[in-house]
Structure formats: structure tokens, C-alpha cells
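Below, chain A partners chain B and then partners chain C, in two separate complexes.
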Partner chain A sequence: MSATRNKRPLDAGHAAYLALNALLLTFLLAPIAIVLVFALNPTPYISFPPVGVSLRWFGKFFAGTEFMNALWLSLWVASVVLVLSILIGGACALALARGNLPGRAFLTAFFMSPLMLPAILTGLALFQAYLLSGIGRPVWGLILAHTLVAVPYVIRTTLAVLHNFDRRIEEAAAVLGASPARVFFEVTLPLIRPGVFAGGVFAFIVSFDQFPVSLFLVVPKGETLPVVLFNYMKFDLDGAIAAASMVSILLALSVVLVLERLIGLKAYVKL
Partner chain B sequence: MTGGTRPSPIAWLVAPAALLFVLFFVVPFGVMAMMSFYSGNPVTNPNAFATTRHYERFIFDTAGIFHDALWSTLRIGLVTTVVALLIGYPLAHWMARMQSRLGHALVLMAVIAPMLTGIVVRTFAWMTILQDKGVINTLLIQWGLIEKPLPLMYNEFGTVVALVHIYVPFMVLTLTGVIGRIDERLEQAARSLGAGRFRAFVEVTLPLSLPGILAGSLLVFALSISAYVTPSLMGGTNVLTLPMLIAQQVGTSFNPNFAGALGVILLLVSLVIVVAYNRILARLSGEQGMA
Partner chain C sequence: MTSAAIRLEQVTKTFDSRVVAVDAVTLDIAAGEFFSLLGPSGCGKTTSLRIIAGFEHPDSGRVHVGGRDITDLPVHRRDMGMVFQSYALFPHRTVAENVAFGLRMREVPKSEIARRVQAALSQVALTGLEDRKPSQLSGGQQQRVALARALVVEPPVLLCDEPLGALDRKLRQQMQFELKELQKRLGVTLVFVTHDQEEALAMSDRIAVMNKGRVEQVGSPTEIYERPRTRFVADFIGEINILEEAGVARALRPEKIRLMPPGGARLAGKVETANYLGGSTLLRVRAADGRSMLVRETHVGERASRAPGDAVGLTWNDHDAVALEG
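So, the complex of A and B:
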């Protein structure tokens, strides 16, 4: 009885709750949709409402040498960072989970700390160190800087997988006579691979979209895409930026889909 | 179980990461701290001497901009955090209590997708929305609601809006984990005892999610006080934050020593927040272990 009496006001409250959340989701997603609109709008400056659909800004983006050099540099740096951080981060996660290291909790926090400290300070500190040691600003310096901030993601996703899987599988293989190396390559590695790969995808995106760490470490004419876009935006706000943004967003979205296929997104809810 | 407490050979796999972190993280931060106490580059300039003048310059602030920059950094961080909490909490609650797995995955994707879009790109999106000829002002003028464009950008308001959008996913993800661990039956019990949906939430779920609120807020605060791209594009010349000041010192003034001192100050503020954040997370996982 009381349930039926309560039903009406409760539903109104629930409707308001759903409406609020729909609004908040719109707030999250609308800006991305708007970038797409401007990327396709042919007017010379950002203006609203759009007057038509054209690919002229994508043309300008893909024809601009500065944009293209930056895009290729970013892709190249991000690819190397992907490989390096998978190797370094994957190995580190294994050591943390299976190595019986003393001070494990401290070490884990230490390897996560680049995520917690201001990235612009990591960039500044590396800039100072490179300046003092006189090595200048080489591309490998930028790559290692990106690797430093990407490795924590690989460690985190790999640790998540390592914590979830049953150690008895490894022990069973060992009991059945497999050598430690064989256990590693035939049992452990295939089981943690999704976590390592997912971390690698994150590493790629972290590097590809990286701005604060790159800011002080790039040289003129050798700037990554986010830095070039930032400098361009300070003076010009036209559709080329929107087109470049769309290229980045499409790349990120395809990566999300790959992630979802690889191991499901649920593993990342835990920060 | 297998190796007792002695490190096993697998422990050596930590070596590459340790090497990378020492050479490219610990040493550089040490160099930055050292540079902040020198008058110049001690390697190339033999006349460089140890000094505390960079810190004095900040503390006495004769130019009258450094303290303002520090305050506006903290103010922007605080407002961003509060707004991100107000926006993030309902989303996190919705996601944590969602029955349908598909719905959960879709909302999660909607929350994560902006996260995977670069900061520069998302700031650009907000510039197209909030500038004088942007989406909001154009629509409001077209509908005859205003005559002159509202000053939505090149101020702290625009900066906060864009920062909230960029960092709210971190708040949602932190809160979802915490709210998801609260036993839903507690709320149901309160409601069966006569509390309304709202009262049951305020008196049961909200207090239990307090550690998540704290952790998420500290995370968003730490991220937003170190933001550079968004305040410099959305704030224009009307907003000056500590990270913008640091970039100025490196880029235009070429004073890496003073930049180092500013960096150490920002680092100290962040470290306090990070330590508090880790304390709360440690206590959270402790509670989870007992349950």
C-alpha cells in the first residue's frame, strides 16, 4: 500500500535525477561535437551557426608542412614511447608483484608519482637538468621524458591484471615440471599481455597528447603537434585547429574502442 | 609463499624503471631545487653564486604580481574542485548504482572519451563555445536575450569552466569506485524505515562517500593548480597563475633559476596535497580490507 502511495513523488524525483545526469553528460560530450561542427564549417573564422559542410580545413591541416612535420614527430615519439614504456613498465610491474621486493608499497607509490606531481614541473626539472648537463634538447630527451610519465600507466594496468589472476596457475605449471623461464613465457606473459597492451595504448595517448612535459623540451621547428596547435591558437582560431583536433579525437576514440575490445574498460575505473 | 621474504630474481626487472626514474625524475628535480638557490648556471658560468634571492624575490614581491599569481592559482583550483565535485557526484552515483551493464559501459565511455582527448583540443573546444563570437554568445544575441556578447572568456570564469570539463572525469572515476563499494542495502534499510529517497541519500550514502569526495577533490585540486594550457588560453592576459609565471620565466625572461624557485614553491604545495591524498586512499583500502 505505502509503496503505491510513494510511487508518484519518487518517480518525479527519479526523473529529475536522470534529467540532471543527461545534462551533465551533455556538458561532457557537447564540446567534442562542437569541434566536429567547426572542422566541417567552411567560413574563414570560427562562427556559429555553421553555413555548410566542407573539407577545406582538413585540407589546410594536411597540406600545412608545419602541421604535418609536427604530426609525424608526435606519432614517431608516441610509437617509441609505447614500446619503451611497455618494456620498462611491464617489467617493473612484474618485479613489484612477484619479486618480493622490500618496501613494495613505497616503490609502487614512487613509480606512480609522475602522475601526481605537476607535469609542467617534470618538464621544467628535465629542462634544467638537460641545460646543466649541456646535452641541449635532443629528441631522445623528449622521448625519455614522455616515457617517464607514460610508464606509470603501464605499471598500473599490468598490476591490475597481475592482482586479479590466480597464482596457482603458475604454481601448477611449476609443479608439472616447467622451468621458471617456461612458466614465465607460456603462462605469466600471455595472461598479463592484455594489461600490458592496454597500458601501452594509454602510454601512446599520453605521449601523443602530451603538452606540459613537452613545452620546455621541444626546439623550434621540432615541436610536437600539441605544442604547434597551442602556438597557432594563441594568434589564430580557425577551422584548421578544429580539423587537427578532430584527427586527434578520432585517434583517441579508435584507441578507446581497441581498449574495450582488448580487456574491457572496467579495469580502469579504479584510479 | 614461494620465496619467503627474500627478493626473487624477478626483482631485477625493476632495474630499467629504477634507472629511468633516478636519472630522469629524481636527479632533475634535485637539479631544479639546486638551480633555485643559484644566481646563474653554475656549470657554464664560473661567477654564479649560491643565493636565496629568488625566494626573497617571491616572498617580498616588490613587483606585486607573485602573491596575486599564487592566490589566483589557489582560487581557480578551489573553485574548479568544488564545481567538479557538484558535477561529478551525480554522474558517479548514477554510474555506481546502474543495473544495466551496457548502460554502465556507455556512461563510462562518455566519461573517459574526453579524458583521451588532449588538453589543447578540449581547451580549443571551449574557446569556440565561450568567445565573443562563440556558440553561446551568438545564440543569445540571435534570440535577442542580450545585445553585447557576455564576457565568458579571457577571465577566470572561462578558465574554470574549461578546467572543470577537463578534470571532472578524474572526480567521477574516483567517486564511482567509492560509491560502488557502499552497500546499497544500507540506503534501502533507511528508506524502509521511512526516510525519503533524498533523506536516505543525505544521511547514509553521502557520509559514507566522504573519503571518496576528499580523495577526488584533492586529485582535481592538484591537477588544476598545475594546469598551464587552459589558464593561458582561456584567461588570456587577465589571468596569471603560477605555472604561467614559470613558463614566462623560462620562455621570455630566460631566468631558469627564478623559474626553479617558483617550481619548488608549486612542488611544495602539490606535495602537501599528494601526501594527504595518499593517506586517504590508504585508509580507504584499509577499510575495504576489513570488510
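So, the complex of A and C:
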């Protein structure tokens, strides 16, 4: 028995749709491809076309103490920022969505405001505030500054999940004998977790890639990777920069993949 | 299973200090009774149920269950079962975990939980689906999980907020039978909120018809249908003719009217439309004085004996025309 299948005719509209998609993907991925080409090209300066494939720039990057110190500092700072912004942002979002607070719209806009301010102004303002109040430029000051910029991402993703939340599910748990605290840990938290962690991924990346805020708040010998790369580029423009960029990209990607595996960001993306 | 009587005493609830959702409602629901709160949306039936459950706190009035005043008791200490219209299953837990939840909250030993979850699932014919997630179940199956989850803790009171509203007609009818059977077998006091009058008539021991936050009438399905007390009750349940005679409004069901030749009838008129309903036909008759009357003719043969345009006479017994208050 053979069933005739209706083939969708490839009309002009569909072709244009595919072409547009291809164009967008190229636009998004081409810079990464170029970085990869430069990172693998052994010439001591950035040039095109590449003359070969070598890992010498990756070697130089991983051998450089300054690079490595900066990389570890950036990873460490970003990890702390991830935890802090999940706690603060998650709590803020819950309060905004559930708290029956007066002036809720204003408060939401207020907590989102770090997103609207140019980061360079945030950095400058914090730099001045820290110096005037005699705090100086400790690492925790840098972490707080990154957290300030990262928290809105967590608030936004968590609010999105809370917006679609069926509160009858919490009521069902309460009728079945769950105290408010148990309702929170047994029902609310598991159900908003994907949104909170999706925000956490953004927070990690925002901190790990942070340049304008960090520029003002790092001290010599205590610089994060983007600042070190910027300083390096002022004098040398070789493949080590490209190699460092590749490492950054891969690290960010792996954070996303690990979190996806652990808690399933797909559940959030579906919303 | 134990069951408890419920008493609402002059319960009032106002939202936003303007909208009166429940207005001085007093209800006595007997232990083991299947009791329906029936009315259109916004009549206060759901708010009343939520007050019994403890989700809403009444502005004034008291709630008693099993002789105990529970007005100020938080939801999680009321020991009730509830089934929601949206089922409200825990989407991140399996069927077995959903059903086990209430037992876990009561710190029942693990081995007993497993046994009782099995028993509850077999009671609603869901054995074998323990490890599914709610999203992998059909609407009817989710309904049963919600029922099992509520009943497994053996609550003295089961609250149902339009639990069958999301099911299609055939399945809803089947669940009506099953729910009623289950309720009788367990002896649990069941408070059932619905806007579907047929459902309320079919399932309830007693019905409270609500309108604008007030109880219009409480009674058995027969009383509510045959002897409506107010115009609202008469109008809300089934088809009705309202006759105004000497300043008194009387309600007359279409099936109480008999068709006869026009001569000597109480009312003479002409058939305007005839709606064929399978077992019966609903005729709209325009009387000579301009009134429009609904007449239900149960078929003896294949179809109604009258067709649009026919001249007919209508008659009925005096005691079938029920005097209404107000």
C-alpha cells in the first residue's frame, strides 16, 4: 500500500524565509568563525587569508600568568555574581509578583533601571562612590557592582515564569496540608527554578564579559579577563587575543550547556 | 471514612471594599450530603467554597465544620480535600507523587503511603499510570488523579470547584455517575460548585441556588425544579413560563402544559416555532393576547403532533402553576 504524500510546494515566500534565516545565522556566527580562524593562524599578526593551523596562541594564552590570573578571577567573580543575583533577583521577583506592594510598577522599573543606564556610567558612579566613602576597590566591591548589573536579568526571567504561574497549584498543596513554607519549597520553588536559573546564566555571562563597569573598579594585578585583554590589545594585536576570545566563548557556552543539562532550560524556553 | 457537617453562619465577603461577593449567607450542610452551590458566574458560589476551604477569610460570619469553629484556622490545618476545575496537579511530579503529597504532609510512614496511593489509584481506575507526568494524561485522567489526590487523605469534607467543567459532554456524564457513586460509598460530605443546572439536578442531595451573593433557595432537586420559590430560581433552572395573574407571578414548566383543540382551552394560540429535541419537542406558542408560551410535548409517535402555523389550545392544572415570591 502506498500513500501519496502531499509535498509542500517550495514557493517564493518560503524560499525568502529560508534565505533570511540563513542570512541571520551567518551574521550571528561569522564573527565567531573569524575569531576562530585568527586563533588558529600561526602568523604573529592578524592577517587574512590564514597560512596554517596551530595551537601556538592558545599555548601563549594558557602559559601567560597574567592571563591565567585574570581568567580565574573572572570565573570566580562571575560564579559569586551568579549565586548572589539568583538569590537577590529571585527574591525581588517574588516580592514584585506576589507582594501586593504599593507602587509595584514603579518598583519594577526601579529594579530594572541598571539595564537602562549605560554601564560606563554605572562604573564611573560606583568608582566615585567607593572612593569618596573610603571603600577603595576591593574584590567584593567589584562583585557587588557586577551583581547590580546582573540582577535585572534574573528578575525579568523569574517574573516571566511567575506571570504564567497557576496559583491554584499552590492552593492545592495548601489544602493537602502543606504549610506556607512547605508550599514554597515543594511547589513554588521547583516550578520557578527554570526561570531563575535562566536569569542566572545571563548573570554569569554579564559578569564574565563585563568590561565598562570593571574598567573603573579593578586594581593593578587584580584585573578581570576583559580588562587584561583590553590592556594587552593596546600594545600587541596577535592571535593570543583571538585564542582568549575563543576560550571565553567556550566557557560561556559550557555554562549554558551544564545548566541546561542540570535543570532543563527548555522548560523555560517553552513559556 | 468519617464525614462532617458544615455550617456557614451569616458569612459576608466583600472584595475591594465595594463588590459584595457573598452577602450574609447561612447554610447548613449535613454530614455525608452531596450539596451543590448552583448559580451563574459571579453569584458567589465559588467565593463561598473558597471561604469553606480557607482561601478567603470572611469579613463577618463564622464557618463551622464538624461542630468546630474553623473561621480563623489556616488552610493547611483544615483537613479537607479539594478538586479544582483546572485540576491544579503538580506538573513537576508523577501521578503517584501527586497522590502521595497529602500523606507526605501528614507524615504517614512510607510503606503505608505506597499502599494507600495504590488503593486510591485503583479506586479511580488509574492503576498502571503511577509514573506518568500530568502532562502525559488526558483531561479525564487528570481529573481522576485530582480526585484520588484529594480523597487519599480521607478528608471528612470534599470541595469541588466545577470539577467536570473542562470535560466533554459524554465524559462529563460518566464522571457524574462515578463521582456520585464514590461519594455515596465513602460517605464524605461533598460541596459541589457548578453553573450547570442539569449537573446539579442529577447529582445533588440538596442544592442551594445563589444569585448576587445571596442564597435564593435551598432544597432537593425536585423541590428546586418543581417548586421554585423565586422568579430567579424558576428562570435559572430549565425552561419556564411566568404567568402574571392578579398581581401574582406564577411559574409553569413547559411539560406541565397539555395541548388540546382551541375551543374550551385556558389559552388559545398559534404555534410559532417547533424545536425538535429528540425525545420531545419544544413549541413556542403565541397566544391570542400576545403572550408567548413554551410547551414541551413528549413524543408518542415519531414527532410532535403540531407544526408551526397550527392553531392550538393550552391547558394545565392549577397546582402546577407555582406562585413566586417577589
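Brief remarks follow.
Quick note on the criterion: the second predicted complex is superposed on the first by the 229 of 271 C-alpha atoms of A that agree within 3 Å, B and C clash if a C-alpha of one lies under 4 Å from a C-alpha of the other, contacts with A are read in each partner's own complex, and residues count from 1 in each chain.
In this text, a contact is a pair of C-beta atoms (placed from the backbone, for glycine too) under 8 Å apart; a residue touches a chain by one contact, two chains touch by 3 or more.
As the structure is a prediction and not an experimental result, all values here were calculated from the model.
Once both complexes are superposed on chain A, the partners chain B and chain C fit side by side without clashing. By the touch criterion defined above, A:Ser179 lies against chain C but remains apart from chain B after alignment on the C-alpha atoms of chain A. More residues of chain A are touched by B (comparison of chain B with chain C). After overlaying the two complexes on the shared chain, residue contacts for A:Gly199 are found with neither chain B nor chain C. In the superposition on chain A, A:Ile169 contacts chain C only, with no contact to chain B. Once the two complexes are overlaid on the shared chain, A:Val187 sits against chain C while remaining clear of chain B. With chain A fitted onto itself, chain B and chain C come no nearer than 6 Å, counting C-alpha atoms only.
Counting contacts as defined above, chain A residues 171, 180 meet chain B in one complex and chain C in the other. Residues 53, 55, 74-82, 84, 86, 88-92, 101-102, 105-106, 146, 149-150, 153, 159 of chain C touch chain A in their complex.
Touching chain C in their complex are the following residues of chain A: 166, 168-169, 171-180, 182-183, 186-187, 190-191.
Partner chain B is touched in their complex by these residues of chain A: 10, 13-14, 17-18, 20-21, 24-25, 27-29, 31-32, 34-35, 38, 45-49, 87-89, 91-92, 94-96, 98-102, 107, 109-111, 113-114, 116-122, 124-129, 131-134, 144-145, 147-148, 151, 155, 167, 171, 180, 205, 208-209, 211-212, 215-216, 226, 229-230, 233-234, 237, 241-242, 244-245, 248-249, 252-253, 255-256, 260, 265-266, 268-271.
On the side of chain B, the complex with chain A involves touching residues 1-14, 16-18, 20-21, 24-25, 27-29, 31-32, 35, 41-44, 87, 90-91, 94, 105, 107-114, 116-129, 131, 133-135, 138-139, 165, 168-170, 173-174, 176-177, 180, 197-198, 219, 222, 225-226, 228-229, 233, 243, 246-247, 250, 256, 259-260, 263, 266-267, 270-271, 274, 277-278.
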